[in-house]
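Here the chain labels run A, B, C and D in written order, and each chain numbers its own residues starting at 1.
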Amino acid sequence: MFGNTFGRLFRVTTCGESYGGGLAVIADGVPAGIRLTNEMIQEELDKRKPGQSELDSPRKEADIAKIFAGIGQEGLTTGAPVGIIVHNVDMHAIHVEQYRKVKHLFRPGHAEYTFFVKYGEHYDWCGAGRASGRETVGRVAGGAVAKQVLLRENIEVLAYVKESFGIKARDMGFDEVKKNYRKNPLNCPDLAAAEKMIAKILKIKEEGDTCGGVVEIIARGVPAGLGEPVFDKLSATIAHGLMSIGAVKGVEIGAGFGVARLKGSECNDPPYIKNGQIRFRTNNAGGFLGGITNGEDLVIRMAVKPTPTISIAQDSIDKSTMKEERLAAITRRDVTICPRIYPVAEAMVRIAVLDALFMWKGWEALQKKS
Amino acid sequence: MFGNTFGRLFRVTTCGESYGGGLAVIADGVPAGIRLTNEMIQEELDKRKPGQSELDSPRKEADIAKIFAGIGQEGLTTGAPVGIIVHNVDMHAIHVEQYRKVKHLFRPGHAEYTFFVKYGEHYDWCGAGRASGRETVGRVAGGAVAKQVLLRENIEVLAYVKESFGIKARDMGFDEVKKNYRKNPLNCPDLAAAEKMIAKILKIKEEGDTCGGVVEIIARGVPAGLGEPVFDKLSATIAHGLMSIGAVKGVEIGAGFGVARLKGSECNDPPYIKNGQIRFRTNNAGGFLGGITNGEDLVIRMAVKPTPTISIAQDSIDKSTMKEERLAAITRRDVTICPRIYPVAEAMVRIAVLDALFMWKGWEALQKKS
Amino acid sequence: MFGNTFGRLFRVTTCGESYGGGLAVIADGVPAGIRLTNEMIQEELDKRKPGQSELDSPRKEADIAKIFAGIGQEGLTTGAPVGIIVHNVDMHAIHVEQYRKVKHLFRPGHAEYTFFVKYGEHYDWCGAGRASGRETVGRVAGGAVAKQVLLRENIEVLAYVKESFGIKARDMGFDEVKKNYRKNPLNCPDLAAAEKMIAKILKIKEEGDTCGGVVEIIARGVPAGLGEPVFDKLSATIAHGLMSIGAVKGVEIGAGFGVARLKGSECNDPPYIKNGQIRFRTNNAGGFLGGITNGEDLVIRMAVKPTPTISIAQDSIDKSTMKEERLAAITRRDVTICPRIYPVAEAMVRIAVLDALFMWKGWEALQKKS
Amino acid sequence: MFGNTFGRLFRVTTCGESYGGGLAVIADGVPAGIRLTNEMIQEELDKRKPGQSELDSPRKEADIAKIFAGIGQEGLTTGAPVGIIVHNVDMHAIHVEQYRKVKHLFRPGHAEYTFFVKYGEHYDWCGAGRASGRETVGRVAGGAVAKQVLLRENIEVLAYVKESFGIKARDMGFDEVKKNYRKNPLNCPDLAAAEKMIAKILKIKEEGDTCGGVVEIIARGVPAGLGEPVFDKLSATIAHGLMSIGAVKGVEIGAGFGVARLKGSECNDPPYIKNGQIRFRTNNAGGFLGGITNGEDLVIRMAVKPTPTISIAQDSIDKSTMKEERLAAITRRDVTICPRIYPVAEAMVRIAVLDALFMWKGWEALQKKS
């Protein structure tokens, strides 16, 4: 497993799993002079905390972030890598035994199987280690560091639930989204659509089933010119980051897959001049031309699959005998991961944008602002 | 511009543009002992040649690939990086003058604008340099090298047009696709659908407009276990590679954005045993669990936007005056890029798969086969 | 500061400083199935502990290593990144105030000045943060992980003091070095020379001065074939790793700078056959031909400068006034860093060798041994 | 072979060997707006041309550099990667046959053996491919691109022969070196010492033997603050680059290995104020503190081993029979590589310095100067 680092100049390296001592992130490339507190990290981590509503797993995770490196005596960053750790709370033994009982059976739709193929019998069967959503603690903590640097540059990134099991939120601009997106447990700023979504989700929950959805990310204030052609376009590194989140099966930008049904004359965003700046009348491009930012809002969506763990018995394989078996219902899980995955999406986009900004501005310029 | 390298252990670095001396690729990480000829590279390059049908730009590109490095006296690779160059054919002067005349006007939907923002007035306005589709010559040549290594491992990758302006090909397995996908100029193996697509495209062409579509890539024979969690999952590096292709606005895997409308009980692919191996009854996962290959065919789709250059006048900006202007019709271009972009998709997936295979197997094992 | 990661496939990322919460390392690329305990890490960390003899700083660092990630329920690695943290012990306040008092004066020969230039006034003046030798805790912990993987492959790496203020140890083979190198506080296996070195060092200590030396690293059991031409030769990545250690001003391999005084007929190591294998009668090459290992012991030396902190007043600059000042004597420091830097050298060579081994063997082969 | 790229933001990727079609470099990360001509590249390549004096191999290499990518219609860089190719001149067949006759015998001291181990029987035995000094054509061409960017920043890098078979040039400052270093075929600015060196070298040549030496590199105008702690200090990336050059067995900075014989009070460079800037009275540090540049000249030396090919019969191994054999005298080679390796050293230092400068300044600032 070599792939636990994301970014080039702003670079996040993570480790940790559900049933070890804790999870950590090292964020490298943080300019000196930025105020960074445990509370700033905690605010982001709390967004992905389970048990916040009846949509989530009832599991309790009291994730307390502690910055242990990279902060000077005045509480500001020093230019050194920032280290953050989240200790796992105990009550271990019971859960380990629960996992041990079923560790011979692969859960359908779960990465446990491929981890077994790749890492062999010593893979982490207990909560499935790095294949668990718990892995994203490190991403979110790293993204919280990026957030503070981006805020100094007036760049804001937010993510929200755009679609849930076929019900779509209407299209809204950045300001309306920002105003409303935290107003319900689903994190959907179209409050009317959210009600319908939640009713539908609860019905699926009653069936013992799960569902997925679409999360949209909007970034405002990103300057034109970010991204490195031809392979490291910012659109490509963002797609890399988002597709690396467990459960994500698709990423699209601007009009996305809709471009397959547009004519060129419809798809091209007409440019015009506003306050002496070039702007675009529409945003089918989602803020990117040739993978380089064009000054408009970045608009990106990702498809999130239904939680694979369900309360319905399924076909499985017993890995010790290599025989087909049935896996009984499992009851504790999120009926939909969407309302907990959005802060992860925010984190990945923040990291990718900051990384690209570094290439453009350099260390000296980003630091001078302090 | 720092982003002209893709891959980590099998690594492709490209350069070149339409109106310089030529385009080149350096493919690093090629095991010794593989037969590699100019013809093998040419075969792939010819797939992206324009002027093959009435769907393409009438421009003629006699792209002749020449391997100039990395091949020993017996015609086999030596373990050294393989260098391939494609010289641009002449008739330069006329085109340069054509471009010079309109270089003050940004073409809507084109990356020229962001290249100007990023690189300033010295950006390559002549054919727009690396923002031109011609850049993909290097990708395709690099992918042709990867193809030969993958063939020794019995890994096949093919791409075809799945959807064109709203008309979809029916779902087909690898074998049927392979048999039929080169039978029409659109590279669509559903021959009946292809006819409708072509009729529609020609109609759009008459209107002076353009259209996009969806390209699907299938990879067969990819062993289970490839991809590096958590950030460098193979699904993520493939998304990176495909999204880096100009005109691509979305990437999805398996059921893709369709997962947003599936329940967990529908989306999970039930495992079973076939010849002592674990297989899956469906492939909503598109061959990936947790971003690691699961032994099934990889199934990936990308959304391709309509060619931005159209034969209809559009709003534009004069960059020298920063005033709004009209850009007159431009006549020479592909009505749809889909039938020429599929070899680029094949190339990117091949490079990403071979790169992941190297991490898994190591240099010694991949080379021993020779 | 973006440079806190070393290695490509086996990759170590570190953070932490003297006066924050602690220091940590994330070691990525660890195969599953390896037994790894806190004690194994501790053993290496203890080698660099100060206060072990009158040669070292009297400062006490009770560095307790704790693995918090990457280990499964059976105490074996899982293939996930290994996280290790070393908490800083308290008694902070006093030292912080000591540093605060002199923070306006640059210490000659110390990196504090360049850190100030690079990171500005918010650089970590308290113990000088990442410019302190304390930074190497993370390197040594990461190297301890590499050590366990290498031991399974029968690769041993050891480092010792070869020269101290002009007194040289005689040349010895791997076995004699291994037998004796931990027998004195200087870590010099030539026991007679060590006595003279120590006497000399103590005399310099009395003068309030400091001195440097040369550390030699020998690696046994490294298979032929490691290293990636032309830029990532193993000799080059090792030089990178060693030169990145604070206080190191030179790296040489085999005959090293001595080659400048050899003829080709003397410098070439004559090959012969031993047990059907090609071996070399001499080892001027230090185990490398063309930067690729040739099967002989790797022999590498690095030059270590005298500790810059001395008990003699020196010229300095007051950074707040930009005026020339005198910096009074500082009493607490190592008179020579050599006996504490050797485990860092071992760590860097282990990381570089394991990284190259991964490229050669691949993940699958290295893991299978478990 | 994956290691054919050097640098991170300014990045050079090379390919090619003696008996293929040619050698090439792709230089990525070149700001737009820089004048770059074939002549500028040629000037650097000519420095490493053989046959310039009786010290060199009589082989003729008419290396003509041709930039084929990355230059716009006005002759300025466009921000796209710069591609440069040097075609091999013909007369192939004769040499190939000469190599074929002796390809079963390993040349002592030559990388051919390890290339055989690594790449197997299909390694490039004809001139030994990438293990040949001819590989450096790509490095020098890439360094020539870096040179033009650095000149705009008033950074000058030069290398010269400091020592040859035990005869040392006296210490000289940058200006004296610059004035005299190209005045003799050895490239040694101490004209008196050079005479003695040349006499000695010619005597060794008569014996049929070869010799090595030491090359010193000085860089003037490098701003303070470059280099990324803790692993990617500029001193470390330069050591990486220089040690990757074939025949180099050691790298040292400032006082180098001499620090082992200095006391702290002698080794520390006393700071003072000159024109409001901090400067240092001596330069034992060689321009680096903590691996970050301190504003003084960079002073770096590398040890160059004697050419392994000699006119004296030596022990060898027949690789087809794995029996010990004698290898007869070979007559055509450089008696010392020093006068041809110095431009390679210049190139590597330029690339590493520019790469570090990019991280510090960012793309935007470096480009604006144009």
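Just so it is clear, a contact is a pair of C-beta atoms (placed from the backbone, for glycine too) under 8 Å apart; a residue touches a chain by one contact, two chains touch by 3 or more.
On a predicted model such as this, the values are computed, not experimentally measured, just so you know.
*Asks:* Any chance you could check whether A-D or B-D wins on number of contacting C-beta pairs?
*Replies:* Answer to which pair has more contacts is B-D.
*Asks:* Looking at C-alpha means, what's the farthest chain from chain A?
*Replies:* Relative to chain A, the chain whose C-alpha centre sits farthest away is D.
*Asks:* I'd like the Å distance between the centres of chain A and chain D, where a centre is the mean of that chain's Cα atoms.
*Replies:* Measuring from centre to centre gives 45 Å for this pair.
*Asks:* As a quick test, compute the distance in whole Å between the mean CA positions of chain B and chain D.
*Replies:* Measuring from centre to centre gives 37 Å for this pair.
*Asks:* Mind pulling the residue numbers of chain D that touch at least two other chains?
*Replies:* Expected reply: 1-5, 8-9, 14, 115, 118, 130, 225, 359-360, 363.
*Asks:* Touching residues of chain C toward chain B in the complex: what are they?
*Replies:* 8-9, 225, 358-365
*Asks:* What part of chain D is in contact with chain C in the complex they form?
*Replies:* The contact residues of chain D facing chain C are 1-6, 14, 106, 108-115, 117-118, 130-131, 135, 163-166, 204, 207, 209-214, 224-225, 227-233, 235-244, 246, 249-273, 276, 278, 281, 284-286, 288-295, 303-310, 312, 314-317, 322-324, 359-360.
*Asks:* Under the touch definition given earlier, write down the residues of chain D that touch chain B in their complex.
*Replies:* Chain D residues touching chain B: 1-5, 8-11, 13-17, 19-24, 26, 28-30, 32-33, 66-74, 76-83, 85, 87, 96, 100, 115, 118-126, 129-130, 363, 367, 370.
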